[in-house]
Amino acid sequence: ACGEKGAEPIHAVGSSTVYPFAKSVAETFNRDYPNLPSPTIESTGTGGGFKLFCNGLGEDKPDIANASRRMKASEFATCQQNGVTEIIEIQVGLDGIALASAKGGITMNLTPKMVYEAIAARPYGGEQTNQKWSDVDASLPDVDILVYGPPSTSGTRDALKELILEVGCDTNPEMEALKDSDKDRHAQLCTEVRSDGKYVDQGEQDNLIVQKIEGNPNAVGIFGYSYLEENADKVQGLNMNGVAPTYENIANFEYPGARPLYVYVKKAHIGAIQGLSEFLTQWTKMWDRDGELAKIGLVANPDDVMAKSMSAATNYDTLDGSELK
Amino acid sequence: MSARDVSVFYGEKKAIDNVSIDIPTKYVTAFIGPSGCGKSTFLRTLNRMNDTIPSARVEGEIMLDGEDIYRSGMDVVQLRARVGMVFQKPNPFPKSIYENIAYGPKIHGLAESKDELDAVVEKSLRRAGLWEEVKDRLQDSGTALSGGQQQRLCIARAIAVDPEVILMDEPCSALDPIATAKIEELIDDLNGRYAIVIVTHSMQQAARVSQRTAFFHLGKMVEYGRTSDIFTNPLEQRTQDYITGRYG
Amino acid sequence: MSPTLLLLLALGLGLAGWLAARARAWSFRRASPDGRLASLPSYHAWYVALWIVLPVVIFVAAWSAIAPGLVTQAVLASPAADQLPAFGFQRQTILNEARAVATGAAQGVFNPLANEFVEPYRQAIGKYNWIGIIVTVLIAFLGGVWAFLRLKPDFAARNRVEKIVMAILLGASLVAILTTLGIFVSLVFETIRFFGMVNPIDFLFGTHWGPDPMANAANPDPTRYGAIPLFWGTLFIGAIIAMIVAIPLGLMSAIYLTQYANPKLRAWVKPALEILAGVPTVVYGYFAALTIAPAIRDFAISLGASSASSESALAAGLVMGVMIIPFVSSMADDSIAAVPQAMRDGSLAMGATTNETIRRVLVPAALPGIVAGVMLAVSRAIGETMIVVMAASTAANLSANPLESMTTVTVQIVAMLTGEGSFDHPATLSAFALGFVLFLVTLGLNFIALRVVKRFREAYE
Amino acid sequence: MSEQIAPTRTPAFEARLKKRYAAEKRFKTMGLAAIVFSIAVLIYLLGTMTLNGIGGFQRAEVAVPMDFTQAGISADPSVMGTSGAVQSLEAQGLPDVVEYFAVEALGEEGADEIGSQAWRDVAAAISADPGIVERQETFWIPASADLAQGLAGEGSPELQALASSLAEEGKLAKNFDTGFFTRADATNPQQVGIWGALKGSILTMIVTLALAFPIGVLAALYLEEYAPKNRWTDLIELSINNLAAVPSIIFGLLGLAVFLTIFPSYRSAPLIGGMTLALMTMPVIVIAGRNAIKAVPPSIRDGALAVGASPVQVVFHHVLPLALPGILTGTIIGMARALGETAPLLMIGMRAFVASPPDSFTAPATVLPMQIFLWSDEIDRGFVERTSAAIIVLLLFLLVMNGLAIYLRNKFEKKW
Amino acid sequence: MSARDVSVFYGEKKAIDNVSIDIPTKYVTAFIGPSGCGKSTFLRTLNRMNDTIPSARVEGEIMLDGEDIYRSGMDVVQLRARVGMVFQKPNPFPKSIYENIAYGPKIHGLAESKDELDAVVEKSLRRAGLWEEVKDRLQDSGTALSGGQQQRLCIARAIAVDPEVILMDEPCSALDPIATAKIEELIDDLNGRYAIVIVTHSMQQAARVSQRTAFFHLGKMVEYGRTSDIFTNPLEQRTQDYITGRYG
């Protein structure tokens, strides 16, 4: 604070899911601009990232927030209050969540409905009685349900809820109706997972989930697609609606488990923080299908989104708070 | 109890040099001598408490009931139960008075029932002349007693296991005159029932309580005999000098 | 001029004062008839030096807070200031940049407008530097002269210098109080916010924990905020299972090392054991999750426990117990060794065996120290997160079955604070409330422990 | 002695005695077992870590002979060795040259599997020794992460095959990676280094030590030597004991709420990390320090007082030097804990990707345990070995710190 | 030095009861009496070493050179430089022999140069009769000396600051007879140069080294006078009883 420092490094905070990609961008940026200080990428979690991000403008505040979910209206409001009025929202890609089991272990043809019935705390408001997969559906194997998945605080869990559990839940018309009448109750019945040990909250340690299902052929793991790809020799993806979790299927949303990843940038910092605009350009160079993004197991945006993101990253389109919820 | 040609070394250093002595079973024997002459060292060899000092080494034999206590098969635990010890500074355990006395009988399994144990505790405290003072507060901590009471507690603790010999290393040096007088009374009382060996730096005390006195000087036992003889008619010049205050 | 340089200047002046005062004291001393002063010359010297340096330090602290503002004001008064954007961040960065160049911290500007301000900045900084230096010298001079004039042969300089030393010592011990206060303050506001959303009764006595950081923040479901399972999990894993491992192993190790082992072995084994506490917890986490937990599950299944899962409080607790062995063993070792030899002798002279002496006399007498070690160990166990996350999962269960998965307070704090939830959500805020309650609980436990230990301590002295 | 046999000499007594000796033996065995168990766990942990980690100090590299005499690259001596060297070489097409030789040596397929940044290593070598451009030279260039995996027998079968064929030809090998000790974090496991985190840890520990040690020692001196025994000092004692017991994450919240509010621009900096850890370490030093001070015999204080030393002189001339060994023990325990700590640092921004080693106390940095934590959750499997290697480095650091303290302790230890 | 109506309390407990005594400046004064009678307590009031015991409280006045040392403005540090003290157990600092002696002169600024300091050290060691034994190993640790040497080192340390009075609390009780003899010789030597007060439990020692003797009992000073008078012709029955060994 005493003005004796040289140029401030670019500072990004936020989601641990975007972190590997952001790191990779920062590393390349650092090579291409060796005179600028290397950007600092912090893994704080999305919420913590937004808290820092929305704390105001200034050299000592982060320039970028990485997020594995969209900014919330309440967070946007905090930002506004603190003078962070112009925010650029860029969707950088997709993260697939994948269900998998050990190679040579249990194989199943799942549907969101089955998954919901297997791991919901109270399927459709009734009691959870399913002990084995075969209790859920006769087509499934006769083994105990054991699912390793993300904890409630993680973005992967949020995606699991939104993309699989709610979809499965809404196959029931009663639930579908409940969505309009009592949103909170709908959320509760549709997204709460069982806590009797059949669904194991495994912290945010996806490598550990991989290792655990590897050691237990009857266990199912839920984690980011990137880990599935990296460990393809150890684990196998489980089909959902008859579709395998592959890059293509996730990219075209056939596998129901793709969630968008975002970065948020303070427009006011562009032009004030040295290198920030170049840094944004660097993102756009790396998020192609065959770029670095895909190499680390994330999925590139569909074309329309890609165009929008490109425009945001080059024209600095700002975010309209009314779109958010 | 008798010692034959006993020498004690601390590492290289000889602290006791060739001492032989017969300790009578029913009398009080006093060890006197200037500071550092080896009184404590010799006393501790009598129940092998010097085993706790790594550098200490004993030569010669010490016979108890015809057995050498330093022979290899000797059971130290039993030996110490038979030859009790009271230290210079009263060292009651930080437990209740009752527990302090009951400790020995308990670990040795000398009492079969709670009643028996109660009886042992009472008897020991009575013999130590402490019963009347503490009978209403047996559950108080032993460390809450006065110095003199603590020392009597330690004596009671020692006699609770019915030893044959009681060794006391300057038992009164930390006590005031009144407490000292009580302890001396107690020693008089116990006299005849146990063999008692007492180390003291006070010739007056030796004269008052003992029937036999041994005078040590620079690790050697200079003279040993009836207390009255030693004090009135010593054979050795050094004894004479010491008693009349030429040194020490 | 930077505060560092001003401080260096002050130190230089202080040194000058120190030397001058010492010389003066020596001259007093030569003049005095018995060659004695009330205080040594070096105390006179320190007295003057402190009078020079301390006021300057206070001034520099104040000056470094206000000077930048003054400089900026001067710069804004320059004609170029009209071109600046009216307010906000842009303006600030331009100024910052210009200042960076002016002070030589940066070579060139990135924002062209900043160029205009480099020169005004240079001038303003130069001007205020001079003011700073002059005032510093003046203050140092005044302080030094005032102190210097007070020097006399019978001046009690030592007492005064020592008073300052005592003040510093007192200040150091107040840091602990300030830290405690700081913790309190940094937790209490968010905690109050949280209790505005979730009833404290529900929080403290509820038995179901399952906040959803993604759910609607407006009307949180209070039945999901029952912290009892977390506190139970903390207690069960950290204070029960881990201690069942650590206390016997730690205590027995300490006993063996102090009473049976030869000193050479002890000199090696003690530091070796301490390494156990230094192994990163990630390592223990993997060890627990991939080696111990499956083994426990297989064992439980072979015994016929059908519901055994591979995430268990037992696995986490066992490994945690191993990790904290050195806390127990080191402290117990020290306090057993500190029991007066007289206690040992007393017991041995009664004919007790070594183990009887240890169990019945030494351990009870060393209890305060052992308790202190156990307290440290418990707190380390309670604070541990990685092992629990990896081996016992993050699901809050209220169960007495060690084979079930459980979680602890600190795991939840970390999860909530580093998760995806937003910071105005009660789920995230609950982390502060959890921390606050935990803080109060440890404070209470320490209060009790301190009392108990005090009472025990009187025991054998 | 008496007609009646003493109770300590009855056969029943002797029988009990046998049992007691048996119990003694059991007890001693239990003690030994406890130690053997603890040491065995330690050896197991250290052993597996070393086995896993030893590979982390190596990396897969491919041999690429380059004959610069034909390449037409000129190394301008005025530029070489400066920061402009790499740009100058890049402009002259060094990447393509490297690519060309790689294809020559390894074939198309193999050339794809050298890191895309491999030319930078070559550039650095030329910059250091411009003479290279005049001759032929074989470079060991880091293989891509995938090829490295293939060499380890993992990953896709094609790469495994390629790796084994290259390895047979002696063109691919695992070499000791000295760069691991000079580089910082990276995204590619072939390119990572531990120096960034190690330096971060060193800087953080310096701050921690510089704050916690004096404050802890002074507070311990005050409490033990001068403080009147009243409610006020009871309060200080209570808060110190409590601070030693507060879970570390809470110190992180304190650092976040207090230090980062006062110094907002030093987020992620070793300075703030060190300050936070110092608050955590200080109570440990105070507690150990007080015990050490208590152990200084009062006779020393009496002796000094009796020749007319003031209380302050007594403490600084006699008590403190004598208590120093004990204080150092406490310091080392506290510092060891601080060294391995991650939770509080999460809160103040040290869970970060920092691609260059911190160059000051205020530059963004991360620390060893945090680096280990981050690497352990990396997607790329090449990080598994690197993580273990980092753990070994952390343990070595810990051992060095411990060793230093034990050395100092012995040096200051005086007998009285 | 003189005390007027001095009483000392430890908390509630009165350890010294109304003692008045004039200590002559050039003689050796011995305090004798049974253990716990308050000898040490009284000695420590003379240079305010009991300030270090939080519970201790002093009433009455103690005059040194016409000033009450308990008056509020008194500089305790200077007082202790004028009234030195030697303790029961030798307590050299764990520093070199040289540093042990030089410490006092250094903190009081009594030597202006290294040479002067050397001279002070040598003089003090000579007076304490230790110079010949240690002159070749001044840099060795003071704790490496034998007990008797350590005690003489402590005496040398005390006289290095040139005190007016030297207080000695049972300086020989931890020493062997040979070392004791050396210390007594030294006291004889110092006699006449300093006022010396010595507490001893050995009447022989008191008789040998002192010119004045004060007999304490249960916190009161029972009798005070020339040593020869006290030992041959005590006025009080209690003194008589103590000297002849009736108690203590």
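Chains here go by letter, A, B, C, D and E, matching the order in which they are written, and residues are numbered from 1 within each.
Throughout what follows, contacts are C-beta pairs under 8 Å (C-beta built on N, C-alpha and C of every residue); 3 or more make two chains touch, one makes a residue touch a chain.
Since we're looking at a predicted model, the values are computed, not measured.
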Enter the minimum step count from chain C to chain D; a value of 1 means the two chains touch. 1
State which chain is most central when centres are taken as means of Cα atoms. C
Which chain has its C-alpha centre farthest away from the C-alpha centre of chain B? A
Approximately how many whole Å separate the CA-defined centres of chain A and chain D? 32
How many angstrom between the C-alpha centroids of chain C and chain B? 54
Starting from the mean Cα coordinates of chain D and chain E, work out the distance between those two points in Å. 56
Mind checking the centre-to-centre distance between chain C and chain E? Centres are C-alpha means, answer in whole Å. 48
Each of the following residues of chain C touches two or more other chains, namely 158, 286, 351, 353, 356, 417-418
By the touch definition above, chain E meets two or more other chains at residues 77-78, 107-108
Sequence positions of chain A contacting 2 or more other chains: 5, 16, 43-44, 58-59, 204-205
Touching pairs here come out as A-C, A-D, B-C, B-D, B-E, C-D, C-E, D-E
Under the stated contact criterion, what part of chain A meets chain D in this complex? 1, 5, 8-9, 11, 13, 16, 19-20, 22-24, 26-27, 30-31, 34-35, 37-44, 58-61, 204-207, 224, 226-227, 230-233, 296-297
Residue numbers of chain B touching chain E in their complex, please. 34-37, 173-177, 180-181, 201-204, 207-208, 217-218, 244-248
Touching residues of chain A toward chain C in the complex: what are they? 2-7, 15-16, 43-48, 50-51, 57-59, 67-69, 72, 74-75, 78, 83, 146, 151-155, 157-158, 161, 183-184, 187-188, 191-192, 195, 197, 199-205, 208, 211-212, 215-216, 268-269, 271-274
Which of the residues in chain D come into contact with chain A in the complex? 83, 86, 117, 120, 154-156, 185-187, 263-265, 267-268, 346, 349, 351-356, 362, 364, 374, 376-381
Any idea which chain C residues touch chain E in the complex? 29, 35-38, 40-41, 156, 158
